[in-house]
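Quick notes on the structure that follows.
Lettered A, B, C and D in written order, each chain numbered from 1.
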């Protein structure tokens, strides 16, 4: 949270309408996403009850587990969900593009031209997929506890998707509430924003309603069934429990069919509004102008997707239950570097995000009032170090000597502050520039900001992501418990209870 | 068995063998009000795969379908109203609606009964009290209804609904009081060692020595171990090691140190050895406590109290005051 | 037993335990100013003199330089190597010692008896194993860093201050690894001890930095289970302003109280403010510069006759970077240049005569985990040899009292004690007795 | 002169106070700075009834029947056959020696037994429990003093004696999957356990024994992974315990808070809605959005706080420099309002933010 977002919330509350906190969208919005609206049975651990799933708004598949306490039925549900999800995912493994190798001696790389994007209503949906993955990826397709082939496969994909969602720069699994709050601020608190219906009420209230009315309506579980995966306790008591009891006690298949149909309709009523809202959210966000780096990040998502497809084809072991020491350290390393790059890219793409940096004085925007592209200094030899002066009204908190600042328009050029002088509420910043000007002693035209140009300097930068030096898994040091056991399929995992 | 039925909004796939179904919607037609229950109507192109089944469905839909539809709509509507009243804390309306709902549900149940053939019973033919007696005789110690039911299921034909056991003890007590010793045995209580009051949720057999029915602080564990040994012994009998029996044994084995190496199949001998080893640790102290309490009970309690336990202190006093 | 003897005995025991070679790891807890660097220098030079090669791992370049200067001063007979990044330029102070060799490749330092480098640099040494290593500031080092370098060393001595700030991650909200014995976000020592609970854990018992007025207060608030004492006697340390205060201002009053008792709390009227509360910034700066203006002198075991406080012996500290910048700008504007201004993170390990600290909770409505972290307050209140003055707005105890204290709990997570809330309360309770109300 | 207890009784409109349980006591630590809540809780006002009466019915704490029955069945399972499963866990994970397998049920023996009678029985049993003669104590009755009035707790807990120490065992039905459980659920149960720890300590000190015999670690028993099998974890409750002690000692000072209320104010749910709402406003609330999930009055307080920055969340208000009204913040930002001296800095920041937003969104 920052003062800029806080002010946007104040404005939203005052005007009764959500306010943009970004000028561009930083999320990739797929033109053919898969939407999943899951419901679970209360009291059980991630026990599927129903789901609405599909890649077209007008054509959802409604999956229902009529007797959600029966383990076999849960696996039938998973199998059906797997069919839908896996065929969606597989649809992206046909078209391949070839890229030059990253390093000299490597083969040229291949990656898929597109990747899947799954939308769930809220972080609960992400957690649902994570647990679903944990529940199914260790299952075996042979032996005493055999399940359908799609079950463990779905488990691995669900796990992969849920894990990608831990990285803010990934767009393969999107929680609608988070995607929306990343772009709009509402006049309610972030806690209330967790309710998709309330959030959408602020962003796009139904006709004839104010945002506040819509948000208030959203809290009524009858008018707006919860977006799941948990169901409304009153629905459980008055609709679900009697239906399940009727199913349990149905004296014949005929009766069972009838009750099942009733149950399906009731569950569909619970999911349909959420289904519609997720699609509406996709539409609203998709209509926004994407930021300049969105394409690049999606390409990275496609890289990771291609890698995972290859992994499944090669070894395809299910992902570990918890990270080993080495894997954990690697992931933390990745997370930190990807986060830093994501923050820099967002700021470079979006003046409102950069505004947050400027508010804290860690960045400034101003007009170039003086420029000397031919300035040189003598270190061991004479080198080109162009100088500029930028005048800014921002509350600058950088000081003379601060170096390694960058302007998003010239990402390869570093600036350091030589001097600051203040007059009439404006600060003049003298900067020395290095890099991005070729090798000679004359800077090519345009490589140095000219007088009158608007520039923004900050400490942010997008850097090369090195994989980092880590010990091999079997070299885990004694300080961290020594090498872990290698993965071996275990019957106990395949047989694990699901009750 | 697989079925596909058309509904006004799309198709519905049924897989009755696996008990699942999928509905594909052609268009979005979500409404707050319940959609009419539909499908399987004569004009729709349904493709039954099993003739016999379809006949039954046909009969069912032919008969009470319209009234059932109405009832379902009523029920669904009532439930919605109830949720609204609950949400707004409107207790008066709520009570009224609940009565209406119960009526409607009753009618629906009745309509179903008319339509559906009676479910064949697969329960044991013995009277409940005999089944319980059978199970307790296997265990030789006082046990909770759940365990009794599990033992019965493991070693005797048919399932037993544990819930029915709750009234059993009271019936037995009434029967004993009206005509003592008219039956060869009674299903009675276990009694607490300290106050000789009935132990909640445990059933025992009247022909057992009092000492066995007194529960001291170690007795739950001792009885558990004894029961484990008895179950293991029983599993060893020819033909007794069915899946339910082994499952029961595993349950015991899991909670006794050294009775079961997780990866292996459970071994009755191992369970017995392990249970006996732990039993040796507790047996003496438990016996001392039980004996003392049993002696006290035979002195202080009348015959019926010895079987069904002394009334708790407060209750006895109240009863006395009333007199 | 004198303090010096007591300290010597502790150091001897530590070195003995480590060099006995009986343990792969030995942990030494060192409270503020307890002679941690001295221990590192002594252990490494002693081992080196016995003909062993020893590696020292520090966390920052300035820590490395500081250690090298101390080692080179203590032992000019030993070749010392500095493992550095390619673009590292030795500071003038380091360049003074001709026997200190700087290289970016470990092979170029093979002839050195002592090799010092940052953990980040040691990561790039991917081969070989060295018999001895000292991990300095091990509580500031993240466990993932230890994972990357641990295999390089046969035996390690972990030295650090458990009361200071935990290592930091930009993805703090990720709880992916909570509860794991090798949680990469935890400190190296926490993970080490979790996986190897039987390692010897020793401690340095005396603080040479904190005066007797501060040691018990800091020990009680931040080291409740182990504790430590001041190495100096009360009469050894003292501070007085040569120019009397004007006798009217609370700024002078708080300096006088601090000079007399070692502590001062400059309490401003209650108000919710933005983080860079201009009035609080001004007050903090005014106090720091006023200490200089009044020609304050300190006397201690090193200068029994007293000496004038120089700007470099004063520190101004705060929780946030923007506060630090505001303070810096204000100090420059009022002629206080030379005074060190920094965040708690950056002040770790540093030592001053007088410190003036902006309380992390001053002017706030809410206390977050960041502001309550006990290490933050511990760093801010344990940098001084003579006096510490805290600046804050009234109402902090109330803020603490109304702060909902229940936070999510992760099973088997490594919880840090003391709790920040309790530590804050303890410190405030102490400061209440040294309060001067601003107008 | 009316004493505190009488005043509290009048506040709730006569009648018995709402019975406290570990959950309601634990909930008191959630927003300790709220006077309205402190007074209503101390008086044992029927908050759901009051909230409904003023037009803000609440569903806090309402669980799905499925969840309730699963909770009961898990607990029954763990405790069945003399706590066989529990003994297994305690032996495996805490090294409980085999001879310690005693089980005492301190539950109610029937309608005739009074709560104080049960309390005395629990006390006597736990007091005389020497090492080796008692292991598990089921359904003990404990009590805590809440603003000077005894609240009896009928926990479904087992007090467990290992060596010299008593442990509180909390059985919960949320799962621990690969060693990980929902952290907010753990926190909530652990806070409840802290209530029991505190009550058990007070029982021991009443019996003249050392309250330090109660361990500051509680044993949390939950379903393992996706199964019905149980798993036990030790959780340190020192922090919630400290918070709870502090809150209870505040409650003891309830008299001071009562003086803030006009003498005629009551929160009787039977009052006319307008009158009741009026009465409520006499006790100041400290609303934050977190209240919605923790306090029955949350929805009422939110409506009351409309127009204040508090409804936007705690951090938002902090970021606005403490400005407490939405309109003030906006007018300061747009420069329509000249700031008073204490808002000078906040106004400066807000104007800057306004400039940046306008500038960025105009482009």
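One rule holds in what follows: a residue touches a chain if its C-beta (ideal position, glycine included) is under 8 Å from a C-beta of that chain, and two chains touch if they have at least 3 such contacts.
Keep in mind that this is a model prediction, so the values were computed, not measured.
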{"item": "Shortest walk length in steps over touching chains, chain B through to chain D", "value": "1"}
{"item": "Most distant chain from chain D by Cα centroid", "value": "C"}
{"item": "Pair exhibiting more inter-chain C-beta contacts, A-B or C-D", "value": "A-B"}
{"item": "Distance between the centres, which are taken as Cα means, of chain B and chain A, whole angstrom", "value": "47"}
{"item": "Centroid spacing, where centroids are CA-atom means, of chain B and chain C in whole angstrom", "value": "64"}
{"item": "Length of the line joining the C-alpha centres of chain A and chain D, rounded to whole Å", "value": "34"}
{"item": "Per-residue multi-chain contacts in chain A, two or more chains", "value": "234, 322"}
{"item": "Sequence positions of chain D contacting 2 or more other chains", "value": "59, 179-180, 290, 315, 317, 321, 349"}
{"item": "Shared interface positions of chain C, touching two or more other chains", "value": "180"}
{"item": "Pairwise touch network: line, ring, star, complete, or other", "value": "other"}
{"item": "Touching pairs among all chains present in the structure", "value": "A-B, A-C, A-D, B-D, C-D"}
{"item": "Residue numbers on chain C that touch chain D, as the complex places them", "value": "175, 178-180, 271-274, 276-278, 363-366, 398, 401-412, 415, 417, 419, 421-422"}
{"item": "Touch list for chain D against partner chain A, complex", "value": "59, 62-71, 173, 175, 177-180, 223, 225-229, 289-290, 292-293, 309, 311-313, 315-317, 319-321, 326-327, 329-330, 333, 349-350, 352-354, 356-357, 359-361, 363"}
{"item": "Residues of chain D that touch chain C when the two form their complex", "value": "29-33, 176, 179-181, 183-184, 186-188, 190-191, 220, 233, 235-236, 238-240, 242-243, 246, 250, 286, 290, 314-315, 317-318, 321-322, 342, 344-346, 349"}
{"item": "Residue ranges of chain A in contact with chain C within the complex", "value": "166, 322-326, 328-329, 331-333, 335-336, 339-340, 360-362, 397-399, 468-471, 475-481"}
{"item": "Contact set on chain C toward chain A in their complex", "value": "24-25, 123-124, 126, 143-144, 146-148, 150-151, 156, 169-171, 174, 176-177, 180-185, 188, 191-192, 195-196, 321-322, 325-326, 328-329"}
